[in-house]
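Okay, structure first, notes after.
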Amino acid sequence: MPEVILGLGKTPEQIVAIAAALLERADRLLVTRVEPAAVEALTAAIPDAKYHEIARCVTVERTAVPKPDGVIVLCAGTADLPVAEEAAVTAEIIGNDVRRVYDVGVAGLHRLLDQLSLLREARALVVVAGMEGALPSVVAGLVNAPVIAVPTSIGYGASFRGLAPLLAMLNSCAAGVGVVNIDNGFGAGYLAASINRTALTSRAD
Amino acid sequence: MPEVILGLGKTPEQIVAIAAALLERADRLLVTRVEPAAVEALTAAIPDAKYHEIARCVTVERTAVPKPDGVIVLCAGTADLPVAEEAAVTAEIIGNDVRRVYDVGVAGLHRLLDQLSLLREARALVVVAGMEGALPSVVAGLVNAPVIAVPTSIGYGASFRGLAPLLAMLNSCAAGVGVVNIDNGFGAGYLAASINRTALTSRAD
Amino acid sequence: MPEVILGLGKTPEQIVAIAAALLERADRLLVTRVEPAAVEALTAAIPDAKYHEIARCVTVERTAVPKPDGVIVLCAGTADLPVAEEAAVTAEIIGNDVRRVYDVGVAGLHRLLDQLSLLREARALVVVAGMEGALPSVVAGLVNAPVIAVPTSIGYGASFRGLAPLLAMLNSCAAGVGVVNIDNGFGAGYLAASINRTALTSRAD
Amino acid sequence: MPEVILGLGKTPEQIVAIAAALLERADRLLVTRVEPAAVEALTAAIPDAKYHEIARCVTVERTAVPKPDGVIVLCAGTADLPVAEEAAVTAEIIGNDVRRVYDVGVAGLHRLLDQLSLLREARALVVVAGMEGALPSVVAGLVNAPVIAVPTSIGYGASFRGLAPLLAMLNSCAAGVGVVNIDNGFGAGYLAASINRTALTSRAD
Amino acid sequence: MPEVILGLGKTPEQIVAIAAALLERADRLLVTRVEPAAVEALTAAIPDAKYHEIARCVTVERTAVPKPDGVIVLCAGTADLPVAEEAAVTAEIIGNDVRRVYDVGVAGLHRLLDQLSLLREARALVVVAGMEGALPSVVAGLVNAPVIAVPTSIGYGASFRGLAPLLAMLNSCAAGVGVVNIDNGFGAGYLAASINRTALTSRAD
Amino acid sequence: MPEVILGLGKTPEQIVAIAAALLERADRLLVTRVEPAAVEALTAAIPDAKYHEIARCVTVERTAVPKPDGVIVLCAGTADLPVAEEAAVTAEIIGNDVRRVYDVGVAGLHRLLDQLSLLREARALVVVAGMEGALPSVVAGLVNAPVIAVPTSIGYGASFRGLAPLLAMLNSCAAGVGVVNIDNGFGAGYLAASINRTALTSRAD
Amino acid sequence: MPEVILGLGKTPEQIVAIAAALLERADRLLVTRVEPAAVEALTAAIPDAKYHEIARCVTVERTAVPKPDGVIVLCAGTADLPVAEEAAVTAEIIGNDVRRVYDVGVAGLHRLLDQLSLLREARALVVVAGMEGALPSVVAGLVNAPVIAVPTSIGYGASFRGLAPLLAMLNSCAAGVGVVNIDNGFGAGYLAASINRTALTSRAD
Amino acid sequence: MPEVILGLGKTPEQIVAIAAALLERADRLLVTRVEPAAVEALTAAIPDAKYHEIARCVTVERTAVPKPDGVIVLCAGTADLPVAEEAAVTAEIIGNDVRRVYDVGVAGLHRLLDQLSLLREARALVVVAGMEGALPSVVAGLVNAPVIAVPTSIGYGASFRGLAPLLAMLNSCAAGVGVVNIDNGFGAGYLAASINRTALTSRAD
């Protein structure tokens, strides 16, 4: 497993120091929630660090690991991309070949239904949604695999910074949905990777 | 327009007294949120009062009014019926021939999609939902007519007595949705009737 | 119907790219919640784009559509203007000749009562209010047409960013009120347009 | 000043014991929030105790005090009567001749406007309201005397047991409004009496 | 009465325009919540405008009005001064000679008790407090005159921007307390002035 | 998959009718949140219905399905048993041989650490906790398999009916945790079964 | 230390079974939050069990332990007694001679000030308060020893079941205050005992 | 005891003025929550002022006081350091030799268990935690001394600025925990010092 640093609440100096220390004993590293100043400091200090702009993540990968498919990340559009990408980048560095489905929303059901056969091949689906947070319920009604729901804070007013989709997801009428914190793309990607690894490890038995 | 009494917070004696006073000058009456004791008192005092058990309403209709169609009430199932029926009974006594579509939910989209041509004929749709409150968003994505969303308090835990679907409906990603209070079937039925009457009155111009 | 972009949570580059793509197949466009940088980018890229400063919207209208009257937008004063104007601009580009009544408030009832005959001509009223959010209840007590209530986040302290007027509107003692999200002028204008169109389409039957 | 016992959270035995002890040194007593069992115990133990059923109060008055006018209590209807009466009974036993105006609400403004000259004679107005809590704002826009606003817990759903009118009253667009706790008729009556007494004591200077 | 402008949510241009219009028919003006840019614009446009820095208010007084005493404003210290001063400046321009008691807090009771005889001379007391909001309860236990409690948003964490003292004040164990919105010094000063004027007008009867 | 009825908000008559209808086409049924009256009605109408008292569930199993191991349910003690058992019974009827570990809590870590090798064999762990909700975080720090966290409403005061453990679980410092609604043992058992089935189906590839 | 059972959420049968099991290896037991049915079952099964009615606790003490003084429990009156007594009984069975001061409140400061020299002798003070929750702040301003603040749920309306005093105590302007959960008399008594024991153990060094 | 200034909500000028006034009669001073501008002003005005960067505190110590051990401050990592250091610096200037244990968290239990014998020597432990706030519960299950829990606002989404760990700590399943406000390192350090002083003063008896 890669080492992980949550960038939030840490200064660039602290992040670089922790990253350097971790890389002495690890060959894969993920830094999430990196502000521009920390990105600059990290890429200056660690030449092979890679910045994922939309995901606001930095990764270092010094050994290749196998990356089987099985994880799909869905969201409805542009504003949710940072969280969806954080989930995808997380699952990728842990060791997954992630499929992205980013143009589906409950107000345009046909685009979602068009992807149905693809969705049914997944071993774990990360579904990212802001606003009314209905997408995970709709998806979980269409597939049998576990759905990991991620509410986002994009919205305004009675979204209350993501409380609205969070509550919607916790109250999903469709079973088989686990919820992570608002904007927690990392947690969702990690959990999806954990489910996929459990499945594939079981297969190897 | 019929006279209306909100039964909540009033004793049976108070309800009967107000009802009797109103019926001296009105020929149609709607009493909502009637507890069993008040039902008994009302039907004893007013022989032509009619009790709508699921809707928890009592109505008195002493003159016939025209009841055009145009209003549809939707919900996903058994637990939301009291609120859906309160909306339907309200629209009916105001003067509408209400169509009920009560077996549709976001976890089983095909039943909803099967009703699509019917839904597109409505001039106003009342969509009642508890749990994650996604149904109005999905319906509003499929029709052009105004959608009135009613969250219900059925649920538990992080539903917080209907807060979850209320917030979801206020944050709907689909435009054209107006929201009423949690469990406020009356308000939704009244607003649907108001929209339908405005449309039909305009037609008569 | 015009295409719509919610500017919130999108970069100027993303907004311009989406706008350009939409305008290849649409001849009317509405962009809401546009920050100054995005306004500059949009008006540079799309010469016939029109900026509505108070409403914080940009519109493009390449074909004329009929604009019947029937929609009125009300608010109490200066601080609520951005939301009221977002509602008005939205209803206009969809196809309405919107009447604005912007100097009425519950602490000076006579100015509201002076407009009574005008208000009673509307087929849909958008009522915007911050603070205690009482205006929609008072208006709905005076007219028969549907009232769309829009709470605003202007206020401080126990307004809790618009929660106070939102709750007040959801609990209106006057029937016939549908509520949209805090500051959601777009949603209110869209719903008013939807009601007016339903009425006028019905008339044409 | 009379002695006061808040009945809430006390057993009938505790209430009777405290009342008996207080009456050894006081000749006026007010017990609020009295449950039926405590009413029975109190009236059995204290023969001259008087029960005010709607107000849910018990009073004992063993000396007459002057009761000048100046305090008016307003509410919109039946469901708010218990709180309005608690305010009135409180102001009365402290020493006021209270005027009640109980049939006024924001959805029927004309009944309120009909009472305008009466309202303008008050030195302190207690305005009780549930639902959207708009009445104190409207009243404060019409009079110059201090308005004491009392939110009530009557309502449902997004009333959140009186939170909606409480927030509305705290955010009143009309100045000159002081707010007390939800359902706190006692506090409002006490404060009105305090204002009236201050005024009349000043007059006597 | 002076004209009043709430500066919050208005641009400097809007504030100056409204102020100029009001001063054409009024000779006293109060502008609250003025940001530095608006202060500059106002004092440039209206030469006799006076800026009250701590209170964040601008006043214009073109005729002298009598300023009787009777109003006292209390707070515990430096951080609550802006709100306390807003209350004091408001009561002053309405027409009061305000007494300030600014060094009293519940953690140092003796300084409060030292002022007891002064406090008991007031006809209305404005008590401003942040943190646990206990000061109004303690003061109301010591005086008979009406107490107007103003919670402030100064604090952090579980203060929740003033919610903590707001709730404390609404639940005061001492009777005779009316509460205004968080940080609403203006409302408190206005209400205190209203009580004092009622008292003094009554005296003149 | 078995058919499922959520008993909450349905009358015994409604539950029996739905159950009978479902059993005409299904051979396995789970009814959750069954009140005693509904239990009586169900077991009278359906002779082979089995009541799980602690879990408050009724099951009907008319065909045997394979029940592989892989799912573990943990909780800290007596008060959380109803939710833990609902999860276990759900996973069992879907088709799992569930291992229960019910005597572990964060205030007595050694009992948890004693079970470590068992816990590390699971393919999915359901961790039920009320109070401070720390158990899922501690467990997720010890195992690699996915953890499904279930907050319970057991507690008082600042538990706010389960909000405290819900928030704690959403903010877990350990990655790999998905959260379901407060008291939602069913959802957790279903999700665990979904993960286990995905793993075992993959193995069979 | 005695064994402790939280009675809340457990059936009488479960409580008796756990108590019996614990008493096989312990000679002191405390059961808190005991409902009448459980009291009956406990005293029937365990003859030397002692019921503390106001505290709603049952204790068993089979060996005497030394009970030094040092702990004082304060509250303002009748309604807070159950919580105050739970704290006192808890500290007693752990091994303290508890002093009770139950007639002090912030609205009658002199009774509190009369006890000042007693309060200053304590090594730990438990201060129980509902309503505005100001008592711990006032006490902590008068003594140097640690103050343990216990909010109670007694109150109504904007008390929100004890949230108001909880927030007040967390925001205390006086330093040296630690807060426990709403109504958590047990936790406060336990913490006071822990502080007193630490002090007395240190003395013995 | 040192004098204390809470820097929050005060201008640099106000802080320097208060500090200078206090230092005329005191020889030890602690200023908390100091912004950079105030640090500069303080160190310029008071040459022997010492800035503690991570703790965001300034101290002045002009006489040495004895600093016995007995207080331990724990936290899980980098982001909680400012609060932990505020607690430590506070306890130090009051007069304690504070031991810091800053690399322990519930997701890596072994590092905590490695420190067990050290933790058991403390007379008071300050345990700082953000995220799910579980650390104080785990620590209190391992030691007998009083635990002071400090929630931090570090986190995002459903942390709600520290509400999540605050509620978790108030609902701790381990007894002997007192909680202070979110981010209130000062209050925790002060209370720990108060407990340690009480213990050592008792010892001296």
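By written order: A, B, C, D, E, F, G and H. Residues from 1 in each chain.
Everything that follows uses one rule, which is that contacts are C-beta pairs under 8 Å (C-beta built on N, C-alpha and C of every residue); 3 or more make two chains touch, one makes a residue touch a chain.
Only a predicted model underlies this, so the values are computations on that prediction, with no experimental measurement involved.
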item: More contacts between chains, G-H or B-F; value: G-H
item: Chain of greatest Cα-centre distance to subunit B; value: H
item: Most remote chain, CA-based centroid, reference being subunit E; value: F
item: Whole-Å separation of chain centres (CA-atom averages), subunit A against subunit C; value: 35
item: Interchain centroid distance [CA atoms averaged], subunit F/subunit H, Å; value: 41
item: Multi-partner residues of subunit G (each touching 2 or more other chains); value: 155, 157-159, 163, 166, 170-172, 181-182
item: Those chain pairs that satisfy the touch definition; value: A-B, A-C, A-F, A-H, B-C, B-D, B-F, C-D, C-E, D-E, D-G, E-G, E-H, F-G, F-H, G-H
item: Residues on subunit F engaged by subunit B in the complex (per definition of touch); value: 6, 8-10, 14, 18, 33, 151, 153, 161-163, 166, 181-184
item: Subunit B contact footprint on subunit D (complex, rising order); value: 78-79, 154-159
item: Sites on subunit D touched by subunit E in the complex; value: 4, 70, 123-124, 144-146, 148, 166, 170-172, 175-182, 186-187, 190-191, 194-195, 197-203, 205
item: Residues on subunit B engaged by subunit A in the complex (per definition of touch); value: 76, 105-109, 113, 130-134, 137-138, 140-142, 155, 157-160, 163-165, 167-174
